[in-house]
Structure formats: structure tokens, C-alpha cells
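Note that the chains are named A, B, C and D in the order they appear, and that numbering of residues resets to 1 at the start of each chain.
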Amino acid sequence: MRQMKKIINDPGNVVPEMVQGLVRSNSDIVELIPNTEAVVRADKESMKGKVGIVSGGGSGHEPTHAGFVGKGMLSAAVCGEVFTSPTPDQIFEAIKASNTGSGVFLVIKNYSGDVMNFEMAQDMAEMEDIPVKSVVVDDDIAVENSTYTQGRRGVAGTLFMHKILGAAADLGASLDDLEALSKQVLPNIKTIAVALSGATVPEVGKPGFTLADDEIEYGVGIHGEPGYRREKLQPSKALVEELVGKLKAEFNFKPGEKYAVIVNGMGATPLMEQYIFMNDVLDKLADEKLEVVFTKVGNLMTSLDMAGISLSLFKIEDDRMVDGLKHEVKTIAW
Amino acid sequence: MALTVEQAKTWLEDFYTEIEAQKQYLSDLDTPIGDGDHGNNMARGMTAVHEDISDADFASVSDLFKKVAMDLISKVGGASGPLYGTAFLEMSKTAAGSTELKDLVSAALAGIEKRGKATTNEKTMIDVWSPMAEKLNSDEAVSEADIDQFVESTKDMVATKGRASYLGERSVGHIDPGAMSSGYLLKALVKVGA
Amino acid sequence: MRQMKKIINDPGNVVPEMVQGLVRSNSDIVELIPNTEAVVRADKESMKGKVGIVSGGGSGHEPTHAGFVGKGMLSAAVCGEVFTSPTPDQIFEAIKASNTGSGVFLVIKNYSGDVMNFEMAQDMAEMEDIPVKSVVVDDDIAVENSTYTQGRRGVAGTLFMHKILGAAADLGASLDDLEALSKQVLPNIKTIAVALSGATVPEVGKPGFTLADDEIEYGVGIHGEPGYRREKLQPSKALVEELVGKLKAEFNFKPGEKYAVIVNGMGATPLMEQYIFMNDVLDKLADEKLEVVFTKVGNLMTSLDMAGISLSLFKIEDDRMVDGLKHEVKTIAW
Amino acid sequence: MALTVEQAKTWLEDFYTEIEAQKQYLSDLDTPIGDGDHGNNMARGMTAVHEDISDADFASVSDLFKKVAMDLISKVGGASGPLYGTAFLEMSKTAAGSTELKDLVSAALAGIEKRGKATTNEKTMIDVWSPMAEKLNSDEAVSEADIDQFVESTKDMVATKGRASYLGERSVGHIDPGAMSSGYLLKALVKVGA
């Protein structure tokens, strides 16, 4: 078996050491909430009188979520153990640190652990009279949506939610406004991924799944959840054909519609490949006669050392969404 | 069949020992249908419980369970943290009135069902807690073999809650890891002989 | 032999497709210079009356160099073939596109190819009466410095040069000022790397070097140039011990000195590991009683899909350098 | 020994054919002591040369060489682009006056030395061009075997210029890739029999 090859010290201690490294090298943007692995904006002035936006989840998706804390985006982010939802007490601390009197809005990715831990934290906050509302993002179209399941996973499309809500909160939206906005955004964000290799959780020491040297898997999740099909490695254009095809079926593309696009590297895939892939995506969307109004490329919501890429689309039905996407922020990674 | 503080401590220490021993196995069960961390998650939580209870005195079973609940809630994370945490929180509330096994297990079950928004036959730990509560409530004796069988029953189910649900039909043929750890917990409870 | 696993179309066409993808998804920041693989700022206003700063080199180091084009940093960047210096005609086009009358300053990394091609472009520019000056960056301390060799390689420390000169040009520095400034910066930037795996050039199809599953190599260059020692994989703290040790010997650290720090991922190394490594670096520099005045962590000057990390230090002898490092920019990747 | 336009074209077409055939070998030579791209670099340049000269007419050797120089400068990049480009640029200038082999080769050598800021015994292409120029200038006949021997001589040298210099002593034992491609070029020239 391949030995794990990572630049770490103790596999059981990666999260606190990572959070320390992140906070110490970005002290102008974020600070640690004492006794937690959660970070809050350093710029307190930017939060005054505004609704706080809190997100978080398991670690291993860096720069998500801590990299998106800062003026105009998240107020605080909670870093759980690797691929494990953070605990309610830590989320509660993040809620308290983000509340300046106008309440706090939670952006939760749809995993049973995340949903339950955030809900418990929400209960704790309400017991202390902090008004809290939330949205559960489920943008990964790889899994069949059905009332008989946990539903779809929250993946890189969540960043659209962070960005839109962060901008609105920055402009003074109320908790109710944000809830309404989140409901408007939610059905319009969808994501699909392709993996070229599995990710290795430090404490586990071996990849969550393995692919042959010439094999890829469509539909993999950000924790290595299995996808919907394995096949031989394809050229970028063929990957785009497959993934945009899936998104087309979900959105039911109509000529003239406007979309925002995120191409997200999974951790070990170089930017060069991400740009080549984006180039093919833009060609394909132009073929579909769609108008692309916003684009972002990079390692944004990764899966440790997984090689692969995800494609997120956000259907823009209201031009103010574009303003939200372009709203200026001061974060580590947006 | 009412639990004393001493018995409750023995129960939890036995469970801690079992989790330590089965940590790898639980994570292995979580690998094909989950994310391979259930053993680590439970071990993180029960290590904290063990450290907090082994040398401490508790005035009541309710107090003890409250401590356990808080440790599990704040140390485990993932899906099992809130579920086990809620189970002990509900048992703590109930234990203020009664420490009858059937009352405790029923309270835990109700908490898990509410927290997980889940019911039986969804291939989760509920498929162990629910038949356990049922047997206790009809005043039947529950053997370790019974519990093994509850756990085993999850193997043929299609998961519709938790991570395993992403696999749909492909989840069939694997025992649910949370059901297995719940099996350890309930077998340790039976062994205490309260 | 392991098959190459990359999201590309034609290995011979990666650079134009990548540049297209980059420009199309960042049209507010950069635009393509016609008939080249070079990009120039979209914001022409920001260049008016200022000296242009042009850099470039072989591709495969993304986001370097195109990711650092924008107000406050580079004026234009030239993207050569993978790991191959761009040609003089393309560099010349970038010089012309960046010249608004005040001349152009070239930042060249010390590789014989880069130096020769940039010199030829400089000759071409001078023949058209465009004043051009340049600096050759050689920050990689892995190689013995000696008058009998090509000298040291230019690697991630070059970003300090880009940032400082870009800020100064933005504030109106003349070509002579920039030359003087570059001479002040040059001896104070030093870098050293460690590789966990080799990089695969698309047209070659196999890694430039291979390491065993438990092996690392100190001192590797950004094109897979061999380093100075191979050994077994070490914990992050031990890597830091080795690399800071090398830098200490070069700089001759004295308590109270100020340094800026860049931790750079080589392409396939997740941000989580980079932050853990940075955490250890900051501990070590604190032990040395040095003051850290600026930090940056991320995939900044990569080597395709190489796993590994580089550590760059910049000794700050003049506090105005810190202002330059913190000067606001509008680029894709800084 | 003066070169005609026809001979010069034959020379360059032969060189193009050889580069195509040896592309992989040149890159392989560039792998242990360089970055493994010399074959690709030369092939990219000579493909452009081939496309531009094969069906075109040139009034003079000087014009032909100028075209070749421009193609190499604008297509090759890396270290070899400016070096070969400068060599042909200098030969183009000289060819306006004389197409004597010794004059052409001497001009090319001077250009390469100036561009590369290098001299003999640094394990570069200069170690092929320099003895070639020397022999021609002393009016000695140069055989293909002589050129092979110039190329071979780089094997035992320690590189002090170009990428191979990063290896210091470890560069010994490998033939320099640029010396090898220069060997092909000069052998093709000898074969034309000008």
C-alpha cells in the first residue's frame, strides 16, 4: 500500500495546526475565537449593525470556509475535524462572535452531521435570545434527488451562497431579507464533479477510493463519496461535454439565459488544467447560447489531495445577483 | 431494572473499552458506505467521557448522563455526535424521574429520531435502538444475541438517511456503522444487569 | 510506466488553451495581446504615465506570471511553452503594450533561456527607442553560487520583486528609480524548496524525476531541476528545520531583523499542508528572534503537478518595503 | 567551399529531417542534465523553418538565413532559440559578403558566444561550433567523424553554463543536448559538400 505523503506533523493534530498557520499568516483578516477552531473577522467595524453570516463544516476543503471570512463575505467560519462536521459548542461560539445585535444567518452544507450540529447550535443560540436563521445548500446533482434520501450534498456551489448573502448582509439586509434571498438562490445553484484520484484523510492514512492510472470517476463528492460512473480518462472537452450535459438536464437550459460559473480544483489539480477546462466550458456554454456573466477559477472548495475538478453553475434570474457576486470583499481566498 | 450511578459508570467504561478495541473495525464499516471515520469519531468522544467520569463523583445518574452528553456533543462532531449527544441528553432528563431501562432507552430513541429526522428501516442506529425499546417496553428480556441480530438486520437495508443514502441500492450488503456502535453500547448496558 | 493523468486536450496545445481560459474568465483584469500568448492589463488607465513592469517565462508555474498582472503589480506577462522561455518577439509585444511613454522594466528569472530571450527583446525595444531596464532574479539558494556557473535560479522569491516594483511603478517611480530599487531588493530575497513528487510536462508525458513513496528531495527547482539531498519523508517541523537552517546560513540571521515570508505550494500540495508548514516556519523564526512583517501562503509559483513546498524570505532593511508588499493590487492571484 | 541557395536549402531540409528523427533522443539527452525539452524545442523551430522555406524562393543565402533566424527566434524559445537564432542572424549578415563555410561558421560561433556569454569547455554547443570553426579556418577538411568527436568531447566536461550547470560535477558523463543538435546541423552542412 502507498504510504501517505503529506507535509504534516501529527495526523491527529492537523486541524489546530492548520488553523494556527492560517490565522497567524492572515491576522489582518481573521482571528481565532478563543478555545475553538473557529475564526472570525478581524475587522469588527465591518460587522457592526449587520447580520452575521456563519458557515463551516469538516476541514480538508481549504480555503473553504475560513478563506472566505472577511468584510463582504462570511463573518465567521468553524473548522471541524477533517471531513467531520464541527460540534455545536464551536458553532455556537462562532454565532456569538458574529452577532452584533442583528442576528446570525447560517449557511449549512447538506450532510446529516452538519445539519444536526448546526441545528443544535441554533437551539443553543435561541436559548440565549440570538435570532438565527439558516439555509441548507444541496447543489451536487450527482445524487438523485428524492424525498427518500438525505437529499443532495452541499459542494462548491455553496460559495455562490456565501458570496450573495455576504454581499447582502454587508449592504444591510435583515435576517428575514437574507432568508428570502437564500431561498431565491438555492434552487439556482448546481454542481457536478469529476475525480482523477482519491483523497487521503491524515488519520486514515490511505485514499478513500482508488482509481486506475487511466480511470476517472464522474459525480464524486468532496469527501470522496462515490460518483455515478467510472470510465477511461477523457480529454478536457469530453469531460466538459459530460458535465455540462448533466447540468443542462437539471437546469433545462434555454438560449439567452444568464449564468455564473465556478471551475473548482479539488486540491491536486494544477491551475493550468483548470483554465483549459474553463476554456472548454465557456465554448460549450456559448454553443448552448447562454450568457456567462461571472466566472471564477481556482482551488476554492477542495478535497484534501484529490485530483479532479468541479463545475458549478448559478442561474441568474435577477441582475442584482451579479452585483452581489462582484461586490468587493476582503478575504484570504475569494 | 433501575440503573444506579455505579452501574451507569460501569456501563460507560465498558463501552469506552469496547470502542477503543473496535475503533478500526467501526471505521472500516464506515468506509464502503460512509467516510471511514466512525471509529475515530466515537473514540474521540468516549476518550473525553472516560477522562471526565472515571475519577469523578456524580450525585445522580441524571448528572452523569448530562456530562456524557456534553462531552459527546462537543467532541465527536459528524452525524454521530449530535445523535449520541441527544440520546444522553434525553436520558439525563428522564433519569431525573426514572432510571428504569425502558424509560431511558425510550427517551434516547425519541431524541435520536427527532434529531436525525429518521425512523426505522432507514439503515441507521435507530434500527438498533427501536427494537431494543420495543422489547423493553413489552417487558421482554433482551439478550446480547438479540442486539447482535438488530445490528445484523441493517445489512440488508437500503440506506435512506446519512451518508450511506448517497449510495442508494449499493448500500445493501453492509452493516451500518452507527448501528454497530449502538449495538456495543446496548450490549454493555445489558451486561451491567440493571 | 504511469500514464499521464491530466485534464487537457492536446499536449502540444496546452499553453494557448490555458491562456484563453485565463483571459476569458478574467476579462476585467487582463486581455490577450493579439497574436501572442502574452497578457496585458485590461485597466489601461492604471498604466498611464507609469513605467511598465513586464515579466514572464515558461508556462507551468500558474498563477505566475499572468495571475500577477493588474493595477499595482505587473503590466504584462508573457507565457512561454511549458518550462520554456518565451520568444523575443512575444516579449517585445508585451513591452510595447506596457509602454505608455515612461519606459519598461523587465523582471527576468535567471535561466539562460530567459535571460537571452529577454535580452533580445530588450535589443528590439531599444531599436524602437523604448527605454528598457531589467533585473535578473536568482533567489534559489539550493545551488552553490559561483562565478563559474550560470548562477542561481529564479524561483518564488521573484514574487517579492514583482510586488515591490509594481507598487513603486504604481506610485510613479521612474525607470532609474526602479532599477535602483531592484538592486536593493535582489540580495535580500532567498528561497529554498522541498519536493515530494516530480512534475510531468504534458508533451513529455512522464515525470521529470521520480521519488520513492517515502522519499523527499531538498533543493529541487521549479522545473524539476535536481536538488541537493534525498531522504526519507520527515514531519513538517523537520522540513522547516532543514529549510530555515539553509536560509539562516545564507542570511546570517541576527535577532531583531525583519523578514517577509512566502510559503508556496508547488501545485499538488493542499493548502492545509501549506498552513501547517507556515505555522512551523513562524515558530522557528520566532525562535530565531526575527520579526515577521508580512506573510503569504498559497500556490503562487507552481511546478505543474509537483507536490512540495518552497519557502521564500525577504529581509526588510527599509520599512517602505513593507508598504510595497501591502500596496493594494487588482490581480487574479495576489 | 561557397554555399549556394540550393545547397543551403538542402542543408536545412536535411537538418529538419534529422531533428524530426532524433527529437526524442535529444529530449532524452536533455533529461538527466536539463529539462527534457531540447528535442521538442528544436522540432518546433525546424518545422516552422521547413514550412517557410520548402516551397519558397530566396534571392540569396542571406535572405534564406534571415528567414531561418526569424523562425528560430520566434518559435523555439528556451536557451536554444536565441542561440540558433543568433547564429543564423550572424550568418545572414556575413552571407551578404561571403558564403564561404569558414566565414559562415565563424560568424555563427561569434554570435553564439556573445549571446550565451560563454566560451569553450563549458559543455555547450560552443564545444562543437568552436573546433569546427578552427578546423575550417586552418583550411582542414572536416569529416562527420570529426564532428561526432566534438560532440562526444562534451561528455566528460563539467557544465558551467545553461541548466546543466546546476548539477556541477554531476553533469559529467552526459553528452550536452545542444552539442548533439549542433553536431547534426554541422554534419548536414558537411554532407552538402559546399
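We take it that a contact is a pair of C-beta atoms (placed from the backbone, for glycine too) under 8 Å apart; a residue touches a chain by one contact, two chains touch by 3 or more.
From a predicted model like this one, the values you see are computed outputs, not experimental measurements.
A straight line joining the Cα centres of chain B and chain D is 77 Å long. Chain C and chain D have CA centres that are 31 Å apart.
Distance between chain A and chain C, defined via averaged C-alpha coordinates, is recorded as 29 Å.
Between chain A and chain D the centroid-to-centroid distance comes to 54 Å (mean Cα coordinates, whole Å).
Counting partner chains per residue, chain B has no residue touching two or more of them.
Residue positions of chain A with contacts to 2 or more other chains are absent. Taken as a contact graph, the chains are arranged in an open line, each linked only to its neighbours along the path. Chain pairs that touch one another are A-B, A-C, C-D. On the side of chain B, the complex with chain A involves touching residues 27, 31, 35-37, 40-41, 44, 73-83, 85-86, 115-116, 160-163, 165-168, 170.
In the complex of the two chains, the chain A residues touching chain B come out as 58, 80-81, 83-90, 111-113, 116-117, 119-120, 143-144, 148-150, 153, 201, 203-204, 208, 221, 223-226. Residues of chain A that touch chain C in their complex: 2-3, 5-10, 14, 17-22, 24-26, 59-60, 62-63, 67, 196-197, 213-214, 233, 235-237, 239, 261, 263, 267-280, 282, 295-297, 299, 302, 304-305, 307, 309.
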